[in-house]
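As written, the chain order gives the labels A, B and C, with residue 1 at the start of each chain.
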Amino acid sequence: MHPAFQGLLTIAIGVSGCVGYFYLSNQFLDKVLFPPRGPNAGRNINRANIIRPWLFLFPAVAALGLYLAYPVIETMRLSLTDRVPGGGYEWVGLENYKQMVAEPKFWEAMRNNMLWLIVVPALSTFFGLLVAQLTDRIRWGNVAKAMIFMPMAISFVGASVIWKLVYDTRPVEQDQIGILNALYMFFGGTEPQTWLTIPFWNSFFLMVVLIWIQTGFAMVILSAALRGIPEETVEAAILDGANPFQIFFKIKVPQIKTTILVVWTTITILVLKVFDIVFAMTNGQWETQVLANYMYDKLFRANDWGVGSASAMVIMLLVTPILVWNVRNARNEMK
Amino acid sequence: MSDIAGTKPALRWVVHLSVIFLVVLWVVPTLGLFISSFRTADQIATSGWWKSLFPSEQNLTLRSAAAENQVLEDGMYVIEGNLFDASQKATISKWGVSSRAVDAFEPGQTAELRRGGTITVDASGNYRMENAEEFTGARGARVFVTAELPPEFTLDNYHKVLLAEDSTDSMTRAFFNTLTVTVPATIIPILVAAFAAYALAWMEFPGRALLIAAVVGLLVVPLQLALIPLLKFHLGIGIGKGYLGVWMAHTGFGMPLAIYLLRNYMAGLPRDLIENARVDGATEFQIFTKLILPLSFPALASFAILQFLWTWNDLLVAKVFLIDASGQTTVMTNSIVELLGTRGGNWEILATAAFVSIVVPLIVFFAMQKYLVRGLLAGSVK
Amino acid sequence: MKHSLYAGAAMFALMAGTAQAEKVTVFGPWLGPDQENVQKVLDGFAAATGHEYAYVGSDSFEQQIRIDAEAGSAANVSVFPQPGLAADMAKSGFLTPLNDGTADWIRDNYAAGQSWVDLGTYSGPDGQDNLYGFFYKVDVKSLVWYVPENFEDAGYEVPTTMEELKALTEQIVADGETPWCIGLGSGGATGWPATDWVEDMMLRTQSPEDYDAWVSNEMKFNDPKVIAAIEEFGAFALNDDFVAGGAGAVATTDFRDSPKGMFSSPPQCYMHRQASFIPAFFPDGTVVGEDADFFYFPAYESKDLGSPVLGAGTLWAITNDSPAAHDLIAYLQTPEAHEIWMALTGFLTPHKGVDTSVFSDPTLKKMNEILLGATTFRFDGSDLMPGGVGAGTFWTGMVDYTGGKPAQEVADEIQSSWDALD
């Protein structure tokens, strides 16, 4: 069978399967199991309402459990064991963690990750909001948005190539083919810089790549949120004589606060996981290591699953504050 | 309704200019790659892409015709011709015959050749070599020229990626394979996640907050960890490597973000709307399909774009769960990597391939953007 | 005589194989043109045995073979670019030992046969040493590339000893030119070209035994002998006058762009030390043997270490046992399997029984002569070291070194990362 037909068939089966599951299971619950009729109507409604959320949740929870929770548990187990040559594992307690914190590379990765966590989400969200607001009412706004969104559509491999070309360095006597060095030389630089090897600052040059990609994402979501703001609130502010900046910061931003936080969180999480950029451009050399690449190094290069898993656990630990914040948010909404 | 660009014309100009500035900032890197995709590997490696738009002065190493082309004229052996290809038009400003002195001569001057004889080169590249003895050797003499060259672009890279004999088949197949992977891997998670998000946003049940926390927690699971246990699982239950496996994997990996985005959006829908519907006797299933789904369209579209892009550009998941030894199940990203060859340094192919693979996501974005707006208008009851 | 006997035995094994045609899956690191080449060899295998085959290549071989092996979905035969990785896999029990007699065949038919056997012999999960890997397709790394016409223009001679090479280097600088192009950039693998330099220097300053001890870490990485070898590399790479763009450009220049400097006008450099694959990255239309050529990276005349050659190669191992997989390994022992690829491009072999007239161009033949004429052949040390060192800290350490870190400090760090692995 041609894969395209197989694909169409899968879409049909998948979609009708999902719809069928949700529809039939609800029907079953309402019509057969706990019909809201007869002598036990009230009790049945309550029972049905206790079960129904789980009907809605079941497929998602199953997928989450299998594809994500199970690997996490497996990882936690691996982080506490070492592999014995020839198969099998031995329990080593926190040995892997001890080994990890003794490595300077790990702390370098931690430091850089902190920088990434602060800079990338902040700037992506900032630029996203800026573009979303500025393009909102200009006639060619959609074109501008498409241009800024475009990097989202480029794979990480493509993005690394693009930026390698930007940062490229040639000896001083040759033509520069990297635009950054060309500009630098044009504005009076004496010696072309190898941007990606300047410790500390090179991390920022790598961050630029991710900001460049993620601003489009922030823009799309925030622009949707901005358009959802009720017009009356803005009109009222104009009548009160507020200037555009006041309108933006005092009226609009507070109303889309939740969306801003969602965007911020999503990018933060992405930052923790993203390793393609560092991997493809510097592989963590010249002090640009980040945790995700450190983990990859340990898992697939050093074949040290124990330490690799331990660093994965650290990545998950780092996200705990966001997790706590989200849970609290969820609680507040319920009140 | 008004906005920053409100009423003052000066401010409007500032807005336009800042947007232009930002767009230029964002587009320049991609533009560089785009222009590079029309240049040869040697051009990319020797001059900046921005210079390719203008005539440029270049140092070239050219070669005269070989000794077999010589003719005997009045007792002198002579080789004549033009250094450039017939299609090239260039003006020589300096030239030389030794790599140590590449600009030793002006056009029209005559130089001694190291292997005997003389050569005269004029500004348009015509040369005449003379020697009292016969020219020998299989190859012509090297001539170094400094010349003004007009901009030159080539479609060879696109030809190679799209039309070359051995890659056309694989690219076409890879294109359909990629679609086969991405479409179900985009639609199914949305559907599954939408139901779950509704339950998490608007249904009361014990453990709800905990479940939300778990979903957020799972957002950060690094993909690399999941590969080995899951491939083992797929092989164990008999799915093996194939489309079913890759669809399931993408569904699983995309689920946390889908639930997270959709739940946040749905939780922001007006409470009255749902309560009223409940009071009117609608079942939860009806509320979800008739009310929530249409209202959540912008969020669904946002996630669909993200999931589509992610699966379209994915290589790792496809490699682990799909691509087997049969060679039939390749995807776009994989065939691009194959084109790059074992040591993968071909920038011109990379540049071209990046643009070939960007086309579909961009079309999807433009198409979805329209729906985004429509979905937003429908949702403006808020 | 013995050779033909074994070949006959191999053919017999192949005949026996035809009784049941099977499908062999092969997984390797080759993509693009190399993939087409290996498929021609596998076509030959299919024609000779009646088996079918399917080949898949990957640019991230080392990662994917681990995933596939752990999950149990590995191909029948995998082609390892690095023996170190194969040794890891053998230890974890993912490889099947090759048939008895294979080791004897290699000893008899390969130049420096014993060293190829040693390189393919690892201890299995039970601690028993077995031959797991069969070398097929090798690369010579001890080569210096140059443009003959540039040498003629300047009146330079090809050096035949290290002393002459150093003198030539000085000479070029004295003439106001730059002798070397060195580039270590390679994305995620940045730094590896420097490890080849250090290994070549190690072979030219120390005995082969010391080299082996270094690779197995019996000699510590921060041993004075190793540090001396690193500094021998530094003598070329850290001298601003010796390298195009100055020492600062070494680490960031991409190894694929680096040789292009020899071909620019005027030339930015005159020599480039790199393995036999590098012509693929010369400018379009470069004819190897005419526009560019190579000479053997010479040894010190004063040290009496013979003519050591550094090389690398791919090792074929069985990652999912099947009779047809063994048939494939047997097929690789026939001269035909070598001659098919020899007639294409980029293939060298230590097989003594092949007809060298089938080489597609004289360059390959010349390289093969360097290979066969080696008094010492040693495999790329970084490929033999544990992955965390050989494909990790050794690479990054060399980048640090070219960035100005003292050799002692770099070597100490690499050694401590090696210690951490145990």
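Please note the rule applied: a contact is a pair of C-beta atoms (placed from the backbone, for glycine too) under 8 Å apart; a residue touches a chain by one contact, two chains touch by 3 or more.
Bear in mind the structure is a predicted one, so any value in this text is a computation, not a measurement.
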Touching both chain A and chain C (chains): B
Core chain by centroid distance, with centroids computed from Cα atoms only: B
Cα-centroid distance, chain A relative to chain C, in whole angstrom: 40
Length of the line joining the C-alpha centres of chain B and chain C, rounded to whole Å: 32
Geometric centre distance via CA averages, chain B-chain A, whole Å: 21
Sites on chain B at which at least two other chains make contact: 45-46, 337
Multi-chain contact sites of chain C, meaning residues that touch two or more partners: 264
Multi-chain contact sites of chain A, meaning residues that touch two or more partners: 174, 300
Contact footprint of chain B on chain A as seen in their complex: 3-4, 6-7, 10-11, 14-15, 18-19, 22-23, 26, 30, 49-50, 52-54, 56-57, 59-61, 63-64, 66-72, 74-75, 127, 130-131, 133-138, 141-142, 144-158, 161-163, 165-166, 174-179, 182, 212, 215, 217, 220-221, 224, 227-228, 230-231, 234-235, 238, 244-245, 247-248, 258-259, 262, 265-266, 269, 272-273, 292, 295-296, 299-300, 309, 312, 315-316, 319, 322-323, 326-327, 330-331, 333-334
Contacting residues of chain B [partner chain C, same complex]: 40-42, 45-46, 59-61, 98-100, 102, 114, 138-139, 142, 144, 166, 227-228, 231-232, 235, 240-241, 319-320, 323-327, 337-345
Chain B-facing residues of chain C, complex: 25-27, 29-36, 54-60, 64, 67-68, 70-73, 75, 147, 149-150, 152-154, 177, 254, 256-257, 260, 263-267, 277, 280-281, 283-284, 290
Chain A contact footprint on chain B (complex, rising order): 1-6, 11, 15-16, 18-19, 22-23, 26-30, 32-33, 36, 44-51, 176-177, 179-181, 183-184, 187-189, 191-193, 195-196, 198-200, 203-205, 208-226, 229-230, 233, 243-244, 247-249, 251-253, 255-257, 259-261, 264, 267-268, 283-285, 288, 298, 302, 305-306, 309, 313, 315, 329, 333, 336-337, 347, 350-351, 353-354, 357-358, 361-362, 365-366, 369, 372-373, 376, 379-380, 382
Residues of chain C that touch chain A when the two form their complex: 62-63, 66, 88, 91-93, 124-126, 187-191, 244-246, 248-249, 251-253, 264, 268, 386-388, 391-392, 395-396, 399, 403, 420-421
